[in-house]
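Next come two complexes, and both contain chain A; in the first it sits with chain B, in the second with chain C.
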Partner chain A sequence: MNLGFEFGKLNFSATLFAIAIFIWMIQSVISLLCGKKCRHDFSSFLFALPCILVLIAAGASWNHPPVSFEASTIMFGDVHIAEKIDSLSAIFLSLLSVIGIATSAFSVSYLKHLKGRINPSHYWSAISAFMLSMCMVIVSANAPTFLVFWELMSLSALALIASEHQQEDVQKSAFIYLIATRTATAFLIAGFIWMHSIAGSWGFDSWSFAGKNWLPALFIAIGLCIKSGLWPFHLSLPYAYTAAPSPVSALMSGVMSKVAFCAAVRFLVVGQVDSLVIAGVFLGAGLISMFWGILFSLVQQDLKRLLAYSSVENNGVIFCGLGLALVGQAMNHPIVSALALAASIFHSINHGLFKALLFLSAGTVETAAHTRDLGLLGGLASRMPITLLCFVVGAASICALPPSNGFASKWLLYSSLMNEIWCSSELTVRGLALVSIGILGLVGGLSVFSFARAIGVAFLGNPRSESAAKASELGVFSWLPQITLACLCVILGLCASFVTGQVELLACATLKIPITSTPKFQMPMPQIAVLFFVSAMLVYHLILKTSKARKYVTWECGFGSLSPRMQVSSVSFAQPIARIFSQILRFKLLVEIKGADRRHFPEYVKVEPQTASILESKVYGPLVQMLRTLSDLLAKLQAGSVHLYLLYLCLTLLLIVAVGTKL
Partner chain B sequence: MSLSIVEIFAVAAALCAVLMAGSLHVKRNIFFYMVQTVLLAVVTAEIARTDGELNLYLIAVAIAILKGGCVPIFLRWMVKRLQSYSDPGMMLAPPLAMHASLLLFALSYLELGSLGALPGSALAASAAASLLLTGLILMLTRKTALSQIIGFLVIENGIYLFAVTQTSGMPLLVEMGVMLDVLVAVMVAGLIVFRIQQSFEHIDVTQLAELRD
Partner chain C sequence: MTPVFSWIYFLLCLILVPPLVLSIIGKTKARLQNRRGPVLLQVFYDWSKLWRKDQTLSSTLSGVFRSTAVINTVIYLSVALFVPWLAQKPPIDGDDLFLLLYSLALARFLCLLASMDAGSAFGAFAASREATLSLLVEPAFMLTLVALAVCSGSTSLSSIFAFSINPGAGPEVWFLGGIAIFLCGLVELSRMPIDDPTTHLELTMVHEAMIVEASGRNLLLLEYSYAMKMTVFLGLSAQCFLHAYFQFLPVGAIWLCLLSVAGIFGLAVLVALIEALSVKLRWRKAPEFIAYALTMSFLACLVSIAKGATFR
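Moving on to the complex of A and B:
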């Protein structure tokens, strides 16, 4: 098939990009044809090779003028496939390829351990289509290209989520994800068609959302919010990320939600949105979802579900930054918007890296211990030290502890909020910025709590089940990708000063504001890192280490010897916070005691924590119920009687005649 | 108000359909259908005369022979074979059905009176619409499958009348194709009705209501 790429006329990065897309396309087809004979190591290599090519292409086009190219032979009417690689897409392409390489290696070990549960040919075919479409969405330069590959992206992700489609909960998750992604696409299509009728062109370059055009922008914004799983549309995320195989969760959380963010920047920031409504939607949804996400991640029993809710939180942080950038754009505060945009771009890169890392670690834990349930894990620290190290690095980054990259990006966001307080003359804006800082701080604290719980319960103490006691590291293909991503997190953190400078340049270029007008922010990250480690060492040696471990027999309450079940459990650890926010979490402890009349020696005690999502039970549940009753009513129209159908026909004809002659 | 020959015959055909709505005797209905079809053939011939088109003469002859001759004969044979000389009727009693179709005739005259594309075809257009709607009424108020076929044929006549009066005739090939289609449809429908009779020992459409979700 001739795609219309003329290699002689293309520049270096476009050529590499085109080759990478070709390879993925071919792999996607060949893997399907191979069937059961599909080999993991070869597929993994074929999958990683284009990632490297894309990485080189992205590096070559960084800080260069944008490269546009078209596949003019593939036409839909008068529209053709058009792509543009600029610095903004280059940064997301490099994120995509780094995570792609990591997952390609990890998939080998993951799939080998799940032999028989996942069909390898389907997996490799869908995942290469997934990567291909994400690449194309990032670089697409007109609406039809964007939509075609956006759909391919959503559907291939669906195929990957449904990898273990024999299980009933996986089917349910896939279905929920399908509904979410359909709704998102519907909103996007509405916004695109509206913009096409205003601008008269499908090209993104000619779209301007300034002034009255904020309504189509709102449609696009809502579509992107649904796709990236912001509150109140976040419900699909926990289901999808839990059901999908871990490498796929890493790709979805690390890259796909960032693709939606990249699209938001491309449409709304480059499109000069100056409406406070859009900014408010992003800011509000971002603030609520970061609080909501971290709160729910605190009480999850499933390790991957915990990470999924934490993704909701981080997407909230990212979109909060985007909203702030739009506020700055609307109120003409270039410093604020540049800083906030830089913060959100940087945080999206960081989140991509450490969330992919965490999902890979969780996948390792899942395959090694055969469970994701925190109540059955424990004691993995001595059995899987490398995974523990990587998980800790990822958790430190996600909690924004100082020497990590998460700290740098959150720090940028804080400073942009501070700047908003100084710049703005309106009291309400200042107040809102202050409140946002407060919420951000609270969320930061809660995330430390949540990840302390995850690490403490899963890795420390004694194993709570047989399978956890037998767990061991899975081999080089499982820990090498994790180590790589962890190193990247640390390096990005230590070079934060340089990276933020680069990202600020990008943000200024994206916002079309002169670079000189923004202050350079120097972040003394190495010094901070040294200070952090020294103080941590001091605290440990001076305060904590003085108490020597004493060995003695405790009083066992007459219940027999100590067992792993007597450790602090995930439920009891989360209880204090869960009780404080019990109104939102609907947190309840169901206690059942048999033989309570025996006072201190009951026969049977059962304590079960219960949390419920208000949105699911109070909003989406009734909505689904309403749809069902309406459909039942509609189904009554189809009674099966010939005469009834004829009557419908007759009435329709009369209606058409009546309407037709009036026009 | 001076009517053209086309309009007179078209309205006469529509009135035939109205009379059909008023009768439950299947053989009488077939007779009226035959008259109606012959009237349509005359309409076609008249259009052929005014336009001077040889093709339309051929079509008029074909209509008279195939639809006005073969189809009624086949239907009468079916009536005999199935022993269903009279239809029980449903929903509307025949007089009421007749009045309803008269009402629809008036309605289509009011609604479509201004629709005529060619000069002198306005009334023909409303007659065609009335044929169509009366055909629907026929299908709605009849119970047996045989009467359904007759109602369907009346609808088909309405569509043909509309086409021939508004477009001064289609190419011969298309017209012949359509006519053969109708012939085959009637044959197939007849076969199916025989099968229904064999399987269920009745041809009551109201009892065939199982086909749904």
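Moving on to the complex of A and C:
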């Protein structure tokens, strides 16, 4: 297979990259041919190897001049495959490879436990095609390359989501995901063709969105918003991430949505968008989706669905940063745009890491306890301590609690908002920035609530079902990737001042602004953490360890033993918040009481809380209904009668003749 | 002030003020109810009793519960070390306002987990209430500090609370900020009218029900960190009022030190007064009370963005 790469002319990182792509391509084909004989450990190794190569390639091209290479033999007219590895793509490539390595190891234990439910050859073939296409999208340098691999990425993701296609809800999820990707691609193609007609070239380098060109930029922006699942297009995320196997959810949430973000930076920030409309779209959609996402994650019963909604929130944070960077670009506040872009790039890396970690932990829980339903979990802490620890680290990072990496990126975002207030003299801009800070604060509180609920109900207390009581750790392939990702989260948080400095340099280079004295993240996190750890150890050993402790039952007012059903349920834990935001969540308590005339001793009481998505029931539902009615009408045209079709032919002929004579 | 004196002052305040705040609240409340009340050192006696007692641990508990008391104590101690709650520069650097907010969130996160650890309904329901209250209060507290930061041109707490002669914030911002932080404190610390700390019905309590499984030294650590949190909240609020006062009548450093301690005790008396005179709000009315805190912070924000200078 000749891709037209001439290895002699390529430099080190491009060569490694090409080899990695080649290995994935071969794996994709071979796994499909192997059929049932496909071995997990071998496939996993073959899958992880290119990840390592890509990681080295990304490291080698970090802070180096961009490397461009083209596959000139695949060419139709001016359309050819063109790639460019620069620092921006290097940072996303390294995220991709780290999560790729973690999922490759995790997949082994996950698939062994789900023997028979997922076809291994199908899985490995699709997942290597998925990785390959994500890599190529990140480094693509012109529109045709981007679109080809973007489509391959979407369709291989679809194949992975539909891994368990025998189940009806998986079919539905795959279908919803398909609709979302089709719409996203349609918008992207429209924007690309428009830009081609303006710039006269497919190369991204020659595209400039400044001035009047904001309309095609809007198409591209909407396409990318749909792909990364921002409000109001977020509905595909909870379906897709829940239906997909956990390692795939980790890849989709950790990498694929970041690929869309990387594309947004490449097109819109590098393309010098200076329109406040685009900035407003990102900022508004980002703010709404972070609030909306976390609010819905708070009432979910399914662990993976909860994580999916929290992905909506985090994508909102990321795109809010991007919008703020564009605001800074439009209003000529270089400090704000540099800080905000650095915040969103850093947060997208961080979110990739901790969300992948959380999905892997959720996958472990799912395979160990055979359920994802919070109502059936509980009490996993004593038997799955490593998973608990990893989940707590992931949750702490996602709630931006210090000293995690999430705190550093949230701090950058807050800092950019503060700088926007200080830079701008317009009252409305300052007010909007303050409101954004308030919303971020509220979202922070909500995410603490949501993840405390998830951990408390799933891991702590007493088990709520037989299968949860029997759950245990799955083995080294399941906990090693989790621990690695958790350590990365903590390390990135501790080295935050160095890492944010580097990311700020990247942001300045991307924005083409001279390196000014941007405010730095100056908190001495390692020192604080060491001091904290030492003093915590001291307090523990001097105060708690020295006192005698007696084991006894949990306090139950002396009425007798507690049953697991007397614990708080996930529904009742979220109920106060659900009641406060009942307008958005459409929260209702359906109460049914029989024999209420006996006042204090009714015969039968049933209380059922109900939440529904307002978008699904009020907007998308009627839309789908309308489409269905329209297509029913259209279907009547196709009556299956030859006579009718002859009539259509006649009418068409008449129409053409009429139009032809008029012209 | 010499550094030696300021260290002695700080350490004395760190050791004495937290328990005294609790004592003053108890004593004032008792006097208002025509009781004699506990002696001022009662909290020390209670704590030494807890120190001597053994712990009783539920067999359901995991490591989360045991580490929470320790970590919370360390968090609130370090918060007291880097937040300028006394009128001087705090001993530890890294006093960013977002670090303060997220450190408090970390402590709360662990507390929520610890109270769900035993598998009892009391702790978990209290956790749910606590989380609800604190998330509603979070924007108010954050916006208040941000409004002060907007005026002073820095997010570092020690440069916000710096007693500069020509600060960005006028007395009205400080005054509004002081009220907002006090109201936020009432909610965060689960005092009246949000929560009655002296009630004995676990089903309605917030903070007390969360720590129902703790005993012995574990409880001591939780009580201590609670007192510390209270001191920091009241201290920040007192500092705001003091800054407002300072703009009318600048005073010397020694006076500021005395006044800030007096301010904390004065606010403690106010807490007791509210507790004696008001009744606990129904749970569903709590968001309406929090709305007052939010309104104060909004007003502070409005004044600050209208008057606060642009810097760069």
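Going forward, the second predicted complex is superposed on the first by the 607 of 663 C-alpha atoms of A that agree within 3 Å, B and C clash if a C-alpha of one lies under 4 Å from a C-alpha of the other, contacts with A are read in each partner's own complex, and residues count from 1 in each chain.
Keep this in mind: a contact is a pair of C-beta atoms (placed from the backbone, for glycine too) under 8 Å apart; a residue touches a chain by one contact, two chains touch by 3 or more.
Here the structure is a predicted model, which means the values were calculated and not measured.
In the superposed model, A:576 makes contact with chain C only, not with chain B. Legend: residue contacts after superposition of the two complexes on their common chain; A:457 is shown touching chain C, with no touch to chain B. When both complexes are overlaid on chain A, the residue A:532 reaches chain C alone and has no touch with chain B. Of the two partner chains, chain B is the only one touched by A:650; chain C is not. In the superposition on chain A, contact of A:642 is made with chain B only, not with chain C. Shared-chain residue A:661: touches chain B; no touch with chain C. Of the two partners chain B and chain C, more residues of chain A are touched by C.
Against chain B, in their complex, chain A makes its touches with residues 635, 638-643, 646-647, 649-650, 653-654, 657-658, 661.
Only residues 335, 378-379, 381-382, 385, 388, 392, 395-396, 399-402, 407, 410-411, 414-415, 418-419, 421-425, 427, 430-431, 434, 437-439, 441-442, 444-446, 448-449, 451-453, 455-457, 460-462, 522-524, 528, 531-532, 535-536, 539-540, 543-544, 547-557, 562, 564, 566-568, 572-577, 579-580 of chain A touch chain C when the two sit together in their complex. Residue ranges on chain C touching chain A, taken from their complex, read 53-60, 62-64, 66-67, 69-71, 73-75, 77-78, 93-94, 96, 98-99, 101-103, 105-106, 108-109, 112-113, 116-122, 124-125, 127-129, 131-132, 134-139, 141-143, 146-147, 149-150, 153, 155, 202, 212-213, 216-218, 220-221, 283-284, 287, 301-302, 305-306, 308, 310-312.
Note for the complex: chain B touches chain A at residues 90-91, 107-108, 111-112, 114-115, 129, 132-133, 136-137, 139-140, 148, 205-206, 208-213.
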